[in-house]
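As structure tokens, the structure follows; a few thoughts come after it.
In this document, chain identifiers A, B, C, D, E, F, G and H correspond to the written order of the chains, with residue numbering beginning at 1 in each.
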Amino acid sequence: TMATESSSSSSSSSMKDAFTKYADYLNNQNDKRERIVKASRDITIHSKKVIFQVHRMSKGNREEVLQKAEKDLAAVTNQFVSRLVKELGGTDFWKLRRAYSPGIQEYVEAATFCKFCRTGTLLNLDEMNATLFPLSDPSLEPLQINVLDYLLGLADLTGELMRLAIGRISDGELEFAQKICKFVRDIYRELTLVVPSMDDSNDMKTKMDTMLQSVMKIENACFSVHVRGSEYMPLLGSEDPTSFILGVPNVDI
Amino acid sequence: TMATESSSSSSSSSMKDAFTKYADYLNNQNDKRERIVKASRDITIHSKKVIFQVHRMSKGNREEVLQKAEKDLAAVTNQFVSRLVKELGGTDFWKLRRAYSPGIQEYVEAATFCKFCRTGTLLNLDEMNATLFPLSDPSLEPLQINVLDYLLGLADLTGELMRLAIGRISDGELEFAQKICKFVRDIYRELTLVVPSMDDSNDMKTKMDTMLQSVMKIENACFSVHVRGSEYMPLLGSEDPTSFILGVPNVDI
Amino acid sequence: PPLEKQFEDFRAQLEESGTLRERIRAVVMEIESTTRLIQASLLLVHQSRSTPEVLEKPKAQIAVLKELYNRLAGIVGESPGLYYRYHGDWRTETQTVVSLLGFMHWLETGALLLHTEAEEKLGLSGLEFALDVEDYLVGICFMSNELPRYVVNQVTAGDYDCPRKVMMFLTDLHAAFRLLNLRNDFLRKKFDGMKYDLRRVEEVYYDVKIRGLAANGDSVERPAAQGQP
Amino acid sequence: PPLEKQFEDFRAQLEESGTLRERIRAVVMEIESTTRLIQASLLLVHQSRSTPEVLEKPKAQIAVLKELYNRLAGIVGESPGLYYRYHGDWRTETQTVVSLLGFMHWLETGALLLHTEAEEKLGLSGLEFALDVEDYLVGICFMSNELPRYVVNQVTAGDYDCPRKVMMFLTDLHAAFRLLNLRNDFLRKKFDGMKYDLRRVEEVYYDVKIRGLAANGDSVERPAAQGQP
Amino acid sequence: PPLEKQFEDFRAQLEESGTLRERIRAVVMEIESTTRLIQASLLLVHQSRSTPEVLEKPKAQIAVLKELYNRLAGIVGESPGLYYRYHGDWRTETQTVVSLLGFMHWLETGALLLHTEAEEKLGLSGLEFALDVEDYLVGICFMSNELPRYVVNQVTAGDYDCPRKVMMFLTDLHAAFRLLNLRNDFLRKKFDGMKYDLRRVEEVYYDVKIRGLAANGDSVERPAAQGQP
Amino acid sequence: PPLEKQFEDFRAQLEESGTLRERIRAVVMEIESTTRLIQASLLLVHQSRSTPEVLEKPKAQIAVLKELYNRLAGIVGESPGLYYRYHGDWRTETQTVVSLLGFMHWLETGALLLHTEAEEKLGLSGLEFALDVEDYLVGICFMSNELPRYVVNQVTAGDYDCPRKVMMFLTDLHAAFRLLNLRNDFLRKKFDGMKYDLRRVEEVYYDVKIRGLAANGDSVERPAAQGQP
Amino acid sequence: PPLEKQFEDFRAQLEESGTLRERIRAVVMEIESTTRLIQASLLLVHQSRSTPEVLEKPKAQIAVLKELYNRLAGIVGESPGLYYRYHGDWRTETQTVVSLLGFMHWLETGALLLHTEAEEKLGLSGLEFALDVEDYLVGICFMSNELPRYVVNQVTAGDYDCPRKVMMFLTDLHAAFRLLNLRNDFLRKKFDGMKYDLRRVEEVYYDVKIRGLAANGDSVERPAAQGQP
Amino acid sequence: PPLEKQFEDFRAQLEESGTLRERIRAVVMEIESTTRLIQASLLLVHQSRSTPEVLEKPKAQIAVLKELYNRLAGIVGESPGLYYRYHGDWRTETQTVVSLLGFMHWLETGALLLHTEAEEKLGLSGLEFALDVEDYLVGICFMSNELPRYVVNQVTAGDYDCPRKVMMFLTDLHAAFRLLNLRNDFLRKKFDGMKYDLRRVEEVYYDVKIRGLAANGDSVERPAAQGQP
């Protein structure tokens, strides 16, 4: 009626033009977001598989397992992360962060997990980001993992390290377990100082609680091996109680 | 060590064979689920667009708008629902329901919305399911939308109908608004009797509350038009107060 | 050791970004208190003061806003690409700014303040620091929420032509919004609210019309855009 | 009218499915009470009764379970393709069933009850109503949770060879589970628990070994599968 | 031994009480499904059907309810003194029953259904199994929640006298509730809601009155209590 | 040992403070039940009784409140500096007291009850135990929430001049509150509610005005402050 | 009018029941503070004081409890049939009472405190006010939760026979509980906890046994029931 | 007019109090970041570094805290009687401060940091700005939460006497807390947690003792209080 009649006027049509532009903008943005969510889901699912592969490690098959994990990780990078990088097309890193953050966090978890098992050290953010450079069209700004996603991924890493440590103790690799314990404690301590400056620290605060639980689970496992080992220390005349752990005592007692 | 040594025995290797089978099974299942989640997301996003298209309806452009909406809906069916149907491959309809249910619900919402605007009637589940038959390889059992997803989608439909009714009143289509009101009331009443028998009725119970809110919003809008129209009824000697609504009175008063 | 070194770096980076954020917030607080001044002045529009008189004070504040957004753009511009990292810090306030600018603009011209016009008024044209489209749209919805109250008070004060003008403006605006495909989010909810604003204005128009109070009962044509609506 | 008609149909369908569900639940409650009987009998294994003696009663109950699952399969089989619609109704109970069958099987043979063997024991081989693989795996994890307690009580009762056997069994089982790619879900959590079971059993083995109590201190070879472990 | 003897006794007691509870629940489920039928029929009152026509069906269900409460009273009466032990099992449903009976009664007579009348309708007069006073009061609050919607739809259907009647009814009811010294509990919260019902009804009455639509525009006096509203 | 000694001291302190708190609560409960009496009497204002008649009873209760606050001040005054330690115990009730005193005062004089006047009425002038300013302000917001309902019912009862008076009062009050720089807290939220009260009152004034019912249709000038509104 | 009359009656009823509840609560608070005294005294059992010495003080408090339950029974007995209406008011405290009585009894006799014995100790034998069976059972579960700690501390203090005794007691208790068909409720959950208590005690017994510390290393036979454990 | 005058006054007051609060918060944020530094340094105590070495850094921070509390006391002291008005602003942080001071003190001396000692360390002795007793007690509870982890790691590092010392310390502390009659509040909940800390430490002591690792295996007598644990 009235409204309909009047909408042919010039003011109304300029409004329509403008809103058509806004509509295009919103449609593009939403489509892009959706593609990125999907790319992120793929990264997540394949990173999880890498993590499982690492957990297959035993004393005997370490090299073999790690090599496969590293190969799989490289595949995640080249296939799935690179697709995310392409979908982003060098822009909107912060605007669409929520759409890809879960995938990137899981990817950080997988990559740092592999690296720690290989070298016992932390894979740095800079090193990770260096591997992302070649994925990008050189004319575009490359996706760089931001500190926040890196730290959130690191927080989850400690959960996997805890699982690993419990398994390693079973396999007699107590030294490795102690190394993990120290590593996780170091990360936890460093994070206590970093967390309050993080952009949205609430997520991270609950992760810190879980992390402390993980640390304590490892500590309790080490404690229990230790007191058990200590029990016969005098009996055995050994000065290193840590050699008396399960799996090791093929020595007759 | 011990464990590693002994794992070459026959019992252990039959265990390994069995678990390799389980692993394959789980991997396939998870991959399939992931593909279906993605197909469902696509259905959701495109069904939402159909719903928006229907909301563009005004008194003057009804036919045009609805035709486009119906065309878009057909595209959703043929492109995205059919992909879901293919990914399912005629199996696991209930097992993977949670992975595709959100998309199917939104699809029900869009399809019933179009149909109501076209005919003022409810698109039946059987009619919907009939359109899914051709999407399937004839050798496979076709995906059939189940009652639960249909009802959950219907519950959301009432929210869209409420928005539509408010808009129609503005456009002077009071009769259409009253038709919507009756339709939504009917659905609400029928659902009150059906909800308690639904498999997991908790979701649905909150949807029922929202639905009642929607009904009351339409009723309040009709009330307000009515009392306004009634005010001058005696003055004008008209017996139909409902003709005195906004947009209509091009008649000089 | 490299681990400590890296975390030292992180802490430095995050603290730097924290400092940046505090500088942003300081400007945003000034923006907020400027919008309060504008709001307080604009409230007089409901008390049937003449529009030009009412607009005088708040219009003077636009320059202040421009200056503040300029500072904001400067601060955020120091770190290219980080606009959306800190977006949440000025989002709400900017939506309010848009709603006020939009309302003033409409009072003056009877037309909708377009996105580009809003950017211009805030001195953002051509800057990397742009006005986010969704913020603009939410702001316009907020502006729409003010109109029913305005119409009611104008009629009370005897301006019987106001409802028609506002109704036509809102009808067009509503139709324009329907072009958008909104996700189920904040903006969609705000847009739903606009429907109720429109209905309320139509009701007032009807009240006026049916009593023969409408200034120009036989014409519902769109008037040429003039000064005050 | 068609609308009412359709909803009438829905109500009929849903009520029918409700009735089906009640029939399912009735059987499941019997399954549950059978598992309690088995559990109560098996508890005696912790009180150092001889294994064959302990197993006598619960083994007799397997036939009961078989009969019940047969009935369940019959009911669910009436509506082809709906297994997973009602799956939640027998899930937990079936996991418990698997854990008990698995424990008894291990007590008897020293070997893991495989998925196919579990289906066989429940008379499900070849039926459409199969044993869900995840339920089987969760059940096996539950079984593992019982082993540390068993080992502790066996040692207390003087059976010093038990820890070694259990340890080797659990080590293999744990290695087998690692072949799986688990999502972050219930099963993964249960599997994490298995790690602790393994560690506890190792500790007991160590306690026994270090005191020279282990029956056969020089041999950690896997024994040929014999009857009672 | 006394320990086993004692637990044998407990088992018997717990099973007996479990059986009782199941019997109670079976009846309560029937009550619940009867209230759903009544509710669904009563919803038609909002669609401008004539009151007697609408009431026909649900009134027929009162006999069903009566029969069910009779059974419930019989079951609970077997164990004297245990009414409040199982009270929670029928509490919610009974509150709904009261709200529906109260609404029907008001539609028919324009008066509040008294506690004794409610008991009578349910055939509980003189039984040990009484209608708990708090349940009755909560039910009445639930009934009040239905009235604003009813008034709105009645006015839309052209009954302009309805708001006044409902307003006076609710004002009296609200005043009566104020006599009670409610502690801070569930009932208190429900009663607080009644204030909003009254407010909404007053607003509707205002809308009708100011437009001169109220049947008896010059009088807000309390009319002599008559039959049907 | 010092440890035990210290905890002995703590026990004494905690018990003393517990006792004090109980004494405070006892008085606060009496205050609360007095406010209920006042509220119940004031409700009659919505039923078009004459204001002086309605005010008679609640005004008599002010003396009771005064006495109670005197006791409260006495108890709290025993521990200087601890007013804010126990503030939470009388906070809500005092806000209600202010809202009721403010409403009665406005009904009588048409003016806002000032903070000092509120203290005077409660006999707190000059005492260390003062009326917290934020509690006063929240109470005034609560009072504002009652006004739309009052206006609606007055118009229904035929008092067409009421909306104008209330509108002007609320406009002034709202403007005065805008002077305050409220942080994002409880008070801010309550103040935001006042905006809706004002809007609703404006709407009622509009309804009355457009129908030519307003007593003095041509003037929205501020009237000279007179006694009763 | 009947409406007001009815609400007058309700007011009286609600107030009466409110008063009753307050009287109940007053007694329950005394019960609660008596249980604290007992708890504090019993804590010394963990510090390897001799049992008779530790029990002296708390046993004296049983008379106090008896007196309090007598008063409680008196109050509740005034309203026959309402035991379960107010049951929630003393439920938790009574469960604690049972757990303490049960622990003391076990410390003295090595046997389980039976339900009838508990009622006797509280002077409830033959009264209408009985000890609810579920409360008794929950209380016994709470008692079981204390035993692992007791065993750990006893072993630390050199009493190596304690684990065996406690293990046998808990094994029997656990088996007795298994006879009950517990539904999925609070009691079921508490009983599930008992399994962990038993497991922990078994582990301690294992630790003692494997180190040859158990007093009677060669015998896990059930000893004839003797006095103090 | 008095209304505007009053609100002008309020504005001034609210702004003054807002400014005060901001100054308080600025100091509290510094306190918070100091406690983080202390916390991070103290974490090294779990990595078997020698106590004096670990304590060096955090002890240096105590002077910083002292300075900050001095500033805080200065700010709050400007408005006598308002300590508890702003108490919530430093409450949590102060509880953390107490827990850290308490832990360091215990590491150094083996004794509980008394309330007066805590005030002394923070330079509050004799000031009007005191350390609230409940904050002190909550802080001590937080400290207790750290002890089980400390004991576990000390034993792993070979210090077998640590569990006994901690157990005796915690037993005494727990007994002292029991003297307090805590209401059902935050402090009560924290104290309930201390029971679990004690239980865990007892278990660790048991683990060490049963393996003959405890330094002084035959004696659980309370040693004469000596310096460092």
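In this section, a contact is a pair of C-beta atoms (placed from the backbone, for glycine too) under 8 Å apart; a residue touches a chain by one contact, two chains touch by 3 or more.
All values derive from a computational prediction rather than experimental measurement.
J.: Quick check on the contact network: minimum steps from chain B to chain G?
T.: The fewest touching-chain steps linking chain B to chain G number 2.
J.: Higher C-beta contact count, B-D or B-C?
T.: Answer to which pair has more contacts is B-D.
J.: Upon optimal superposition of chain D on chain E over Cα atoms, what rotation angle is obtained, reported to the nearest 5 degrees?
T.: My answer is 175 degrees for the C-alpha fit.
J.: Hey, how far is the Cα centre of chain A from the one of chain G, in Å?
T.: Roughly 49 Å separates the two chain centres.
J.: Return the distance between the CA-based centres of chain G and chain H, expressed in whole Å.
T.: Each chain reduced to its C-alpha mean, chain G and chain H end up 35 Å apart.
J.: As a quick test, compute the distance in whole Å between the mean CA positions of chain B and chain H.
T.: 57
J.: For chain E, give me the residues that contact two or more of the other chains.
T.: Residues of chain E never touch two or more of the other chains.
J.: Quick one: which residues in chain B touch 2 or more of the other chains?
T.: 2-3, 30, 58, 193, 224, 228, 231, 247, 250
J.: Could you list each pair of chains that touch one another?
T.: A-B, A-C, A-D, A-H, B-C, B-D, B-E, C-F, D-G, E-F, E-G, F-H, G-H
J.: Can you tell me which positions in chain C touch chain B when the two form their complex?
T.: Answer in residue numbers: 171, 174-175, 178-184, 192, 195-196, 198-199, 202-203, 205-207, 209-210, 212, 217-218, 220.
J.: Any idea which chain C residues touch chain A in the complex?
T.: Checking each residue of chain C against chain A gives 2-4, 6-7, 10-11, 13-15, 17-18, 81-85, 87, 110-112, 114-116, 133-134, 137, 167-168, 171-173, 175-177, 179-183, 220-222, 225.
J.: What part of chain A is in contact with chain C in the complex they form?
T.: Result: residues 2-3, 5-7, 9, 11-12, 14-16, 18-20, 22-23, 25-27, 30, 92-95, 97, 121-122, 124-125, 141, 147, 151, 186-187, 190-191, 193-194, 197-199 of chain A touch chain C.
J.: Within the complex, which stretch of chain F touches chain E?
T.: 40, 43, 46-48, 149, 152-153, 155-157, 204, 207-208, 211, 213
J.: Quick one: in the complex, what on chain A touches chain D?
T.: For this pair, the touching residues of chain A are 48-49, 52, 55-56, 58, 163, 166-167, 169-170, 221, 224-225, 228, 231-232, 244-247, 249-250, 252-253.
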